[in-house]
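Each of the two complexes below includes chain A, the first together with chain B, the second together with chain C.
== the complex of A and B ==
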C-alpha cells in the first residue's frame, strides 16, 4: 500500500474542491447547531473538528427512505423499472466509530443475504475517515475495541496533527483517490505515526470506560428479567435512539401509488420502538408493550447481534444516550445488567 | 437535600403507605449530573429515589395517558408548565380526575442540557447544587462548575406564565413569587411579516431535517389519539417515506390537531433531536386563537376545553 502522506491544513479545501469535481462529495456540515453529513459542491462549510454528527453517515449506504423501483400495473409486463444506482462518491470526514458501524452493516447487507441497493452504494463510495483528537462526554467506543486513531474499513484515515493531517492510505480505493490529487499531498516525514498516537490520546483517556465482560452471557439468561419492566416505564416509544443509531438497520417496504396503477416501491428504516413495528396482519403484536420493545433494542445490540454475527451491534458513539428524551442510557443499562443479571 | 425533595419523598412515602395511590411518577437522578430521569415509585421505601433540582426538564403528564388502564390511582409531579397538561388530559377524557393525584412543584426555571453541555463536563454524578444570585454552582464527581443561570435556562423559561402549578392536590414547596411573563410573540410577528415565499423557504429548511422519530408527538400531553393518523397504514394519510413533503404534512397536521389545545409546555421542542423550532408553529396557532377567540393558554383552568370544540355567537367570522 502507499506510504503515509501528509496534507497541509490549507490544502484541505483544495482537496475537497478537487474531489467534488469528479465525484459526489458528502461531508459534515454544521447548521442550526447540529452537524450532519450532506452532499456538497465544494469544501465550503465542511467541518472536520466536529465531535459527532446527530445522524450517522449510514444514511449514505442505508438511507432512511429509498426508492427500489417504479411500476405500472396496467402494463402487461408491469413495466418494472429499477432505480438507477448512485454515482461514484466520496464520504469525507467519517469518525472511526461510524466506520466500524459500516463494517457491522456489511455483515447484515453483504454476507448471507446480498442486498443490491446497499452493495451498489458500498462499491461506489470511497470513505475518508478522520481520527478523533477529542471525544464527547457520551463516547465509549473503547468498550467495543474501537480506537479513535484507527479506522479499519475506511479507505483513507486522516489525523489532525495541528498544522497538517497525517494521511494513512488503507486500500486501493484510497490509493486511487490520493493518486488523483497527488500534487496536494507531501510525503510524511516519518514522524506522523508517533504524532498521531499523541494526538488521539485525549480521546482514548477521556472517554467513558465501560467494561462489557460477562454482559452477553448475563443477557443470555435475562429475557424474562424484571429489569425490563422497570427500565421500560419511562420510554415514550419514539424512534430517536434507532434513528440516530449507526447500526440500526430494520426496514419496512411500502408502495406509493395513490390507489392507482402507477407507483413506486420504497423501503424505509423502521423502528423497533414504534407500536406498529412487528404488528402482523390480523392485528397480532408479539411485542405488545414498551417492555418488549425496550428489551428488544438492548438485546439486539448486546446479545442477538453477537449470536448472529460474532460482534456487538453497538459502536459506543453515544448518540442514543445523548438524544434520548427520557435518559434511557445504554451505558447505564450495561452497568445495570452487570449488577442485577 | 433541598426542602422540596424532602417534601416529595415524605409525601410519596405516605401516599403509598396509606394506599392512597399505587404509583408516584416523579424525577430521579439521571445517568449524568445535569439530567434527571422519570421514575415510577410503587413502594414507600423507594420514595427516597425522588429528587427535585433544576434539571427536571421532562414533562411527566403524558405518562398518565400511557397508564390510563392502570388499576390504581397515580400521583404525578408537575411544574407550572406541565400542570396545564393535567387539565389537557382530563378535558380530553383520557383519565378521570379521581384516578390522579397531582403533586405540584413551584419552579423558578429549568436549565437546558445542551447549553450546560457546552459549558461544563456534564458527565459526572451530581453531588450538590446551589443558587447564588445569577450563579448556579453545580458540584459533581467531575468537579465544581459555576454557570450563569440567565445563560443556561431553557429558552421557554424566560417567558413563564405559571411558575406555580395551576392544579395541585399537594404543593411540595412554597409558592414562587415571580411575575407571570407572557410571550410577546415577537418571533411569530417576524414570521408573519415574511412573504409566502420566505415562509416556505424557512419552514422547508426546518422540515427537511426532520427524521420522523415522533418524539414530539409521543411526549405531548395533547397527542393522545388511540391510533395516531401518522401510524395508520390504511389509508396512509401520511406516507412513511422521509422526505420534505411528507415531513411538512406531518408537522402541519400535528400543529392543526393541537390548535387551541396545545398547552405551551414546550416538550416537543425540547425532545427534538434535530432542533426543529416546533413551538413556533404551536405559538402561531396559540397567538391566533388568543387574538380571535379571546382564549387563555389551554390547560390554565379546569373548565374551557378546547377552542375548536366550542361555539360562541360572538366568534369572529370575517375569514369565512
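== the complex of A and C ==
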C-alpha cells in the first residue's frame, strides 16, 4: 500500500472540493448543534472535530427507506423496473466505531443471498475515516476491541495531529483517491504514527471501561432470567435505540401504490422493539410484551450475533445510551449480566 | 456519475400466472401457477419443504410453503389460508391473473437421509400443505422409501385439505396408508373421530427405521411430540417445520430470527434435537 501521507489542515477544504467534483461527497455537517452526514457540493460547512454524529452513516449503505423497484400492473405482463444504483461516492469523516459497524453489516448483507442494493452502495463508496482525539462520556468502543486510532474497513484513515492530518492509505480505493489529488498531500515525515498514538490516547484512556469477559457465556443460560422482567419495565417501546444503532439492520418491505396500478416496493428500517415486528397474520405473536422484545435486542447484540457471525453486534458508539429516554442502556445491561448471571 | 449495471436481485420477484385454483375448504384455496418466463422454473430447483415469497404487487408479500413436489413438473402449487390482508386479495384471484414470486427459500426435508426409511407423517389442518411436497416426492420415488403412513385430521370434514389426495390418490399407492380423523362427530362421516395426537397413539407406530414428520397447529404439535417420545422416537427422527413472520426470506430483515438462526434460511425444517437447542421462544 501507499506510504503514509500528510495533509495540512488548510488543504482539507481543497481536498473536499476536489472530491466533490468527481464523486458524490457525503460528510458530517453541523446544524443547530446536531452533526449529521449529508451529501454536500463542496467542503463548506464540513466539520471534522465532531465527537459522533447523532445518527450513524449507516444510512448511506442501508437507507432508512429505500425504493427497491417500480412496477406497473396495468401492463399485462406486470413490468418490473429495477432502481438505478448510486453514483461513485466518498463517505468522509467516519469514526472508527462506525467503520466497524459497516464491517458487521457486511456480514449480514454480503452473506448467502448477497443483497445487491447494499452491495452496490458498498462497492461504489470510498470510506475516509477519522481517528478520535476525544471521546464522549458514552463511548466504550474498547470493549469490542475497537481502537479510536485504527479503522480496518476504511479506505483511508485521517488522524488530527494539530496542524495537519496523518493520512494512512489502507486499500486500493484509498490509493486511487489520494492519487487523484496527489498535489494536496505531502509525504509523512516519519513522525506521524508516533504522533498519532499520542493524539488518540485521551480517547482510549477517558472512555468507559467495560469488560465483556464471560458475558456471552452467561447470556447463553439467561434466556429465562428474571432480569428481563425488571429491566424491560422502563422500556417505552419507542425504538430509538434501533434507529440510532449503527448495526441494527432489521427492515420491513412495503408496496406503495397510491390507489393506482403503478407503484413501487420499498424497504424501510424496522425495529424489534415494535409489537408488530413479529406479529403474524392471524394474530400469532411470539414476542407479546416488552420483556420478550427487550431481551431480543440485547440477546441479539451480545449472544445471537456472536453465534452466527463470530462477533458482537455492538461497537460501543454509545448512541443508544445517550438517546434512550429511559436510560435502558446496553452498558448497564452488560454490567447487570455480569452481576446476576 | 455512473449508474449501476443491472444485477440479479434476490428481492425482486418473477411474474407468474395462475393456471388453476382448487377450493380446498371454506377458507383454503390451492393455486397452481406457472412462471411467465419458463426458464425461471427450469432454474428454480425447489426441494420438498421449501417456501416462496408470494405477492400481489401493490398489496404485500408473504412467505408460503410450496405444496407441490418438484417431481410434479412445469408448475408450482401453493395452498393458502385466507387469514390476512394479502391472502384475502390472493383468494380473489382468478385463473389467468398474475402473481409475483421469489424463492425458493429455506432448507428442505432431508429426502436423502430418509431414503430406505418408513415415513410417518402427522398433520393437522393446513399443516398438510408443506408436508404434501414430501409425501408426493416419496410416492413419486416409491422404491426409494419404505412404508408411508399419514395421520391427518381437521376440526371438521369441511376443513380437511387435499381430499382428492387423502381419499382418492394416495391410498391407491402401495405401502401407503392414510389415516384421517376429524375432531367431532358429523353426519355422513363414518371415519375416525378424535384428535390427531390421540389417534396417532391409538394406531401405534414403531420408531424402528422410521422418520416422523409433523406439521399443524402448535397445540397439536406439542401433543404429537409427547406421543412420539412415548412411542420411542428419537429427537433426530422427529422433524417439524417452524414459521414466523417474515419479510425478506434471505436472512437479513430480522423478523424470523430465533437464537442464532433465521427460520427463512436455516429452517423451516428442523428436527427436535435442533429445536431443543434454540431459545424457547415458542
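The working rule: the second predicted complex is superposed on the first by the 341 of 341 C-alpha atoms of A that agree within 3 Å, B and C clash if a C-alpha of one lies under 4 Å from a C-alpha of the other, contacts with A are read in each partner's own complex, and residues count from 1 in each chain.
By our rule, a residue touches a chain if its C-beta (ideal position, glycine included) is under 8 Å from a C-beta of that chain, and two chains touch if they have at least 3 such contacts.
In this text, all values refer to a predicted model and were calculated from it rather than measured experimentally.
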Just from the overlay, do chain B and chain C fit on chain A, or is there a clash? fit
Considering only the touch criterion stated at the top, classify A:54 as touching first (chain B), second (chain C), both, or neither. first
Just checking: does A:73 make contact with chain B only, chain C only, both, or neither of them? Give me first, second, both or neither. second
In the overlaid three-chain picture, which partner chain does A:323 touch, first (chain B) or second (chain C), both, or neither? first
Based on the superposed arrangement, let me know which partner A:8 touches: chain B (first), chain C (second), both, or neither? neither
Rounded to the nearest 10 degrees, how wide is the angle at the Cα centre of chain A between the Cα centres of chain B and chain C? 90
Could you say whether A:252 touches chain B, chain C, both of them, or neither, answering first, second, both or neither? both
In the superposed arrangement, does A:338 touch chain B (first), chain C (second), both or neither? neither
Chosen between chain B and chain C, the partner touching more chain A residues is C
With both complexes overlaid on chain A, what's the closest CA-to-CA approach of chain B to chain C, in Å? 7
On chain A, which stretch or stretches are contacted by chain B in one complex as well as by chain C in the other? 252, 254, 270
Residues of chain B that touch chain A when the two form their complex: 30-32, 35-40, 58, 62-63, 66, 114, 117, 121-123, 209, 211-215, 217-219, 231, 233, 236, 239-243, 270-271, 273-275
Tell me, which parts of chain A touch chain C in their complex? 24, 68-69, 71, 73, 77-78, 80, 82, 84-88, 108-109, 111-117, 119-120, 124, 223-224, 249-255, 257, 261, 263, 265, 267, 270, 272, 277-282, 286-287, 292, 296, 299-300, 304, 307-308
Touch list for chain C against partner chain A, complex: 1-13, 15, 36, 55, 57-62, 81, 83-87, 98, 100, 243-245, 247-248, 250-255, 257, 259-261, 265, 279-282
Show which residues of chain A lie in contact with chain B when the two form their complex. 32-34, 36, 54-55, 64-65, 137-138, 208, 230, 233-234, 236-240, 242-244, 252, 254, 256, 266, 268-271, 274-276, 290, 321, 323, 325-329, 331-332
